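See the structures that follow.
The following pair of complexes shares a single chain, chain A, combined with chain B in the former and chain C in the latter.
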Partner chain A sequence: MNNITYFKDQFEQLQEANPKGTIADLRKHGFDAFTKDGVPTYRDEDWKYTNVSSLFDKEYQMAENSEITLTDVNAIRLPGYKQANELVFLNGRFIPNLSTIRSGSTDLIVLPLEEAAKGEYKDIVAAHLNQSSNYLNDGIHALNTSFIDGGVFVHVLKGKEPEHPVYCYHILDARQNPALAQPRSLILVDESSKLQLTESYTTLGTEDSFNNQVIEVVVKENAYMEYYKIQNDAANANQVSSTHIRQIGRSYVHTVTITLNGGIVRNNMNLVLDAAGNETHLYGLYLLKGKSHADNHTLIDNLKPNCFSNQLYKGIADDTSTAVFNGRIMVQPDAQKTNAYQSNKNILLSENATINTKPQLEIFADDVKCSHGCTIGQLDEEAMFYLKARGIPKESAEVLLLQAFAADIVDQIKPEPLRSYVSKLIYEHLAIQ
Partner chain B sequence: MKEKPDTLEQAVLTEYKYGFVTDIDTDVIAKGLSENTIRLISSKKNEPEWMLDWRLKAYNHWLKLEEPKWSNVKYPIINYQDIIYYAAPKPKKQLNSLDEADPELLATFEKLGISLNEQKRLTGVAVDVVMDSVSIATSFKEQLSEIGVIFCSISEAIQLHPELVKKYLGSVVPMTDNYFAALNSAVFTDGSFCFIPKGVRCPMELSTYFRINTENAGQFERTLIIAEDESYVSYLEGCTAPMRDENQLHAAVVELVAHTKAEIKYSTVQNWYPGDKNGLGGIYNFVTKRGMCKGDHSKISWTQVETGSAITWKYPSVILKGDHSIGEFYSVAFTNNHQQADTGTKMIHLGKNTRSRIVSKGISAGHSQNSYRGLVRASKQATNARNYSQCDSLLLGDKCGAHTFPYIEVKNKTAIVEHEATTSKIGEDQLFYCKQRGIDAETAVALIVNGFAKEVMNQLPMEFAVEAQKLLAISMEGSVG
Partner chain C sequence: MLSVKNIHANIDGREILKGINLDIKPGEVHAIMGPNGSGKSTLASVLAGREEYEVTEGSVSFLGKDLLELSTEDRAREGLFLAFQYPVEIPGVSTTNFIKAAVNEKRKYLGQEPLDAVAFLKMMKEKMALVEIDQRLLSRSINEGFSGGEKKRNEVFQMAMLEPKLAIMDETDSGLDIDALRIVANGINKLRSPDRAVLLITHYQRLLDYIQPDYVHVLYNGRIVKSGTKELALELEEKGYDFITDEVDLAANQ
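Moving on to the complex of A and B:
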């Protein structure tokens, strides 16, 4: 793996340029861990069904000589952008001059991570950056940490509810070389504030891309957060996307992950419920075609009592695609009166598709109500018959039923422009055979 | 639930009822494991050359393996050189009937409540008793042999039916299968062998009773059951061990082979010594159990009630190879004090129209950890495979844990797989209902737990079900409050 030498060189260059500070220390830490652990293989329980090491056969370039224009950005804007704060990332780096911040600085602060780590947010960054490594302690996560550079810090100020949502556009430039991006963000949703965050991913060009993302979110007392992830990239665009949300005050979090296209896509969605009375809703939808491989790992760690969580992940696997779901609920000894529900429903459409699912409950407290369920099956024959009997051709009937299957999740996207956008994407995705 | 601290305290102190040591002369070899140990075991058992070769091959493979670490149990490192690999009660002569057995031994079984004589008379169960490592007596052998059923110890089978043993031994659980299976293949000392010929419906329940008696002895028994076309057998297995401070190792292998239209029903009541209330001592129970539905329309059903052992680590599995074959797994695992159980099943669907059903009930109390770990795999050629799994956990106390790790892998678009799991504590309203009717807390909990486990208990043969229910009640004593 000649990538290792490449990473070593890049890492040393980066450290030389910015040798001091919290972030440099973290990077050092990360690189040591990466050198020690390496890239996970299927022997690692958490990566049993996803062969991420194959992605490292490519010789990637990190953010070199890449430039994009406003035209490129215009092409990928999400609906409702006129009302949104738009953050543009190119090959993992936050590009301020292409980004638009519409909210006032009394509501929302957006800073390059390095700047935040030095200035008045020094302590906050030091306290919260890389907390995710306690949960994601594999080589992939360590690799991201080794290259924390050009990330972003977003702070929703105490008591503020910015009317403009935040959109993050991740652009990977694979026009010349295979591109590797390792964006890192830290989001702080302060007390009694509100944030709506959406992320989307686009690869330019035809070469392979690999987006190894880590986003850490801290949600404080009385705060409210919605998080949407829309993955509809090229078939050779790969991704390991780790979202680590810590609810450290009694708060509400609602997330929806939509995966339509991509190469190998791995989503880690971690929720650490570190305050009594937290409420969390996780939704996910994966509609896979071609050779796509989507792996959704969720973790809900209940540390404190009286938390409620609900998870619903649904998926359809067609062609030679593979869908993986691994949902883990942990209830620690203090977390009495936890209510945790999880459901995973899958439809297999092709002889050559695979679905692997593994719901996990680990419970160390007694006064809890936890349940999980999962199903793998086909379209309901009676429903098909009903539609066909009414003169609807088989193909259309199938699309109709699949759309209905997906609707449970799509309906969870609260902002209207995004919901109809996703719903349209899904229709197109299903209708094109 | 705290109104009767005295009785509860007493109940907590209830000791392991089967913790007595039988004072019988035992033929024991020195501790330790090496090629010589294996040669010694083999020669003591007067085994043919091929058997010794097989053992040595397994031993050499075992040396290359590492002890698996993935399970959800914690235990100190096992020193495999500190175990006695062969302990046989003396005198070791062939017995034709129970009357010839050592009276001391018979008394042991009487204490266990599994009086052979009684069982013989009342239920007509044929029992193969395995103490430490060697099969003591097999009752009803003659009656069985009249209809062609072979039921004997595996050592006897090696002597008398080598062609059958050669053909089937290791065919379901190869010696290379896993660490403990390899160890067992190398050093197994006895176990049961059962062969049901074509078209025979075994007229009685076959039963084995295992007991570890010698200190520091490991028990490595090997069971092989073969059901030929259109035959049926129901097999019971019970286990106990006396109370010991040290941990004893039990690494058994059970292989079942069901041919076309054959059915094997395998029931286990496992009550090895679980260790005392501080987690001292107890049996490490690392067992590999697997059945192969080889022929079409065959059926294998595992039922287990696990109340004992400091550590239980076993996954009775079914490979559904024949078309239309059926695999079933019913389990109640109860853990108390510092017991740890990591148990479940694997259902591997290979044939068409195969069906499997998993019902697992875990009950944890005290400081115990109880995990369900299961795999359901529908392979590409398993058209119309159908699985339903249900795993429920009940928590009695706030220091225990209940975990579920189901793996589901589906590669066929006509397969339908369902899994559901719940974890909760005993409902306050259910308890209230009972208490209101004058039933005290402990009895009420026992009642509710029995109801919780009923779906599995119903699968057990009648006389076993009664015993299992009693066992559950004993294990549960002191866990309420």
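Moving on to the complex of A and C:
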């Protein structure tokens, strides 16, 4: 594979330029692991349904001299941006001069990761970067770690509730060549603080893109976090987006992942509940058509007692699209009185679409409540007939019913501007046949 | 307005309708009565365009058009309305948005401008008063958690909003207590007009105490075996269906 030589070359150049420190050590560690493990294939159980190795057939360009302007950024800003901290990433690198930080530095710190690793926050970075869980060990993750460069560090300070949410715009420039981006973020939500974080993804140009993202979030005692991921990129925009959230103090996390357009999209949503009494809510919605492939892998690792988690993922697959849901819940021996619920509901709209769904419970404690359920069905024929009998044509009736199906996930997007925005995206996505 | 000629219809290869003839003119109210399993609801389904039913013979003309050639939604937009025996619950779709979509789809079909929010609300208010339905129900998802009576009232409300030329009420009286029945029947009566016809499908005579039909037909074993005026319904109430069905069965066996 030409790419392996290319990656080795790029890695060596990067190490030569920045040979020392926590990050260089992590990169070295990552590249060794990548060399050993390689890109996962369908033979790896976790990648059985998602052929990520096919993404490595192209010759990507990383960190080329790509330029974007404020006009490019303006075109993709999310509603509510005037009140938001906006972080712009180009080909996986945080671009401070296109970003806007509205919160004061007594509430929120945003720094390039390299800078954070050297200065005042170096102990925090050393303690948390690449430490998020035991589940960081496949080749694709190692590849991201091999190229930690240009990432971002976000810290919500103790006791602070910044009034401005954080928006991350990931822009991939595929105007000249296929683009590969490997953004890396470390987020610390400190004691008794609050963070609302939203990420969106945009590929410029018509070449293929591949965003191999890792975001690590550490949530401390009495903190509250909302996390929204909105994936609505081009049909040849691919991504592996790994979110690791560690709740190390009793805290509250609420996430919503929306996947509309894209090529191969794999989301790893890994939660480690490493304190008693944590509460976690994971929601997901995928509305796939064309050849889109979306794979949502969730993992909730209950380490301590009395944690509550609830997961609801819903999706539809039309045309020749493929949806995968794999929900793993682990309850470790100490995690007594765990309450963990999981549900995955699907609608199959076409004979050529595929849905794979798998709950996976691994329970090593004896006093727990866990439940899971998954369904795959079709649109309700009686409801369709009822709507048509009132003069609503088939296509519009389908859109109404699918919007209704999506609504209980969309309703979980708490900020109103984002919720209406996603509603509108969904309507447009469904209405275009 | 509606002319049904020798309709035969099957479901799963079984013949349910065995040659139905029926003519309805504007302003008329017809009642179709009959014992269970006679084909009453099948007739309603065939007219509304339910795809499970296969019409094997006969024709239906509605306002000069070949009804059987039209899709379900076009039949509705041409002015045919079916009030469901079992209105469907559709969680997540607001009743108001649904009715607005239905009204505007019909207007679009007829080449009219869509109603704006103000005009639509005004129309809603008028029709709500007419059929005595509570605003609260309309802000909920379609029929979700409605009682039997509320569902039927919602059907009549939709009829009022869509202003059909022909309304087919499929067992609208079933499952209603006497108060609910009176409210629903009052709604239907208020919607009677010289250019609107109504086809009542019912098992019991009691609905006809409230809505006076011009004609009554008895459906039995897939055929209309007797037609008459509203007195026929009273006779049925008194003697039961047996007095007609025995006669038909006897004739068939001879």
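One rule holds in what follows: the second predicted complex is superposed on the first by the 431 of 433 C-alpha atoms of A that agree within 3 Å, B and C clash if a C-alpha of one lies under 4 Å from a C-alpha of the other, contacts with A are read in each partner's own complex, and residues count from 1 in each chain.
Just so it is clear, a residue touches a chain if its C-beta (ideal position, glycine included) is under 8 Å from a C-beta of that chain, and two chains touch if they have at least 3 such contacts.
Computed from a prediction, not measured in an experiment: that's the story for all the values here.
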| item | value |
| --- | --- |
| Which of chain B and chain C A:126 touches, first, second, both or neither | neither |
| Chain B versus chain C as contact partner of A:379, first or second or both or neither | neither |
| Chain B versus chain C as contact partner of A:355, first or second or both or neither | first |
| Chain B versus chain C as contact partner of A:76, first or second or both or neither | neither |
| Partner chain in contact with A:400 - chain B first, chain C second, else both or neither | second |
| Which superposed partner A:68 touches (first chain B, second chain C, both, neither) | neither |
| Winner by number of chain A residues touched, once chain B and chain C are compared | B |
| Doubly contacted residues of chain A, that is, touched by chain B and again by chain C | none |
| Of all residues in chain B, those that touch chain A in their complex | 70, 380, 393, 395-425 |
| Sites on chain A touched by chain B in the complex | 45, 333, 336, 346, 348-378 |
| Chain C to chain A touching residues, read off their complex | 48-51, 71-73, 76-77, 82, 84, 87-88, 90-93, 98-99, 101-102, 105-106, 109, 141-142, 158, 162 |
| Chain C-facing residues of chain A, complex | 380, 382-383, 385-394, 396-397, 400-401, 403-405, 407-408 |
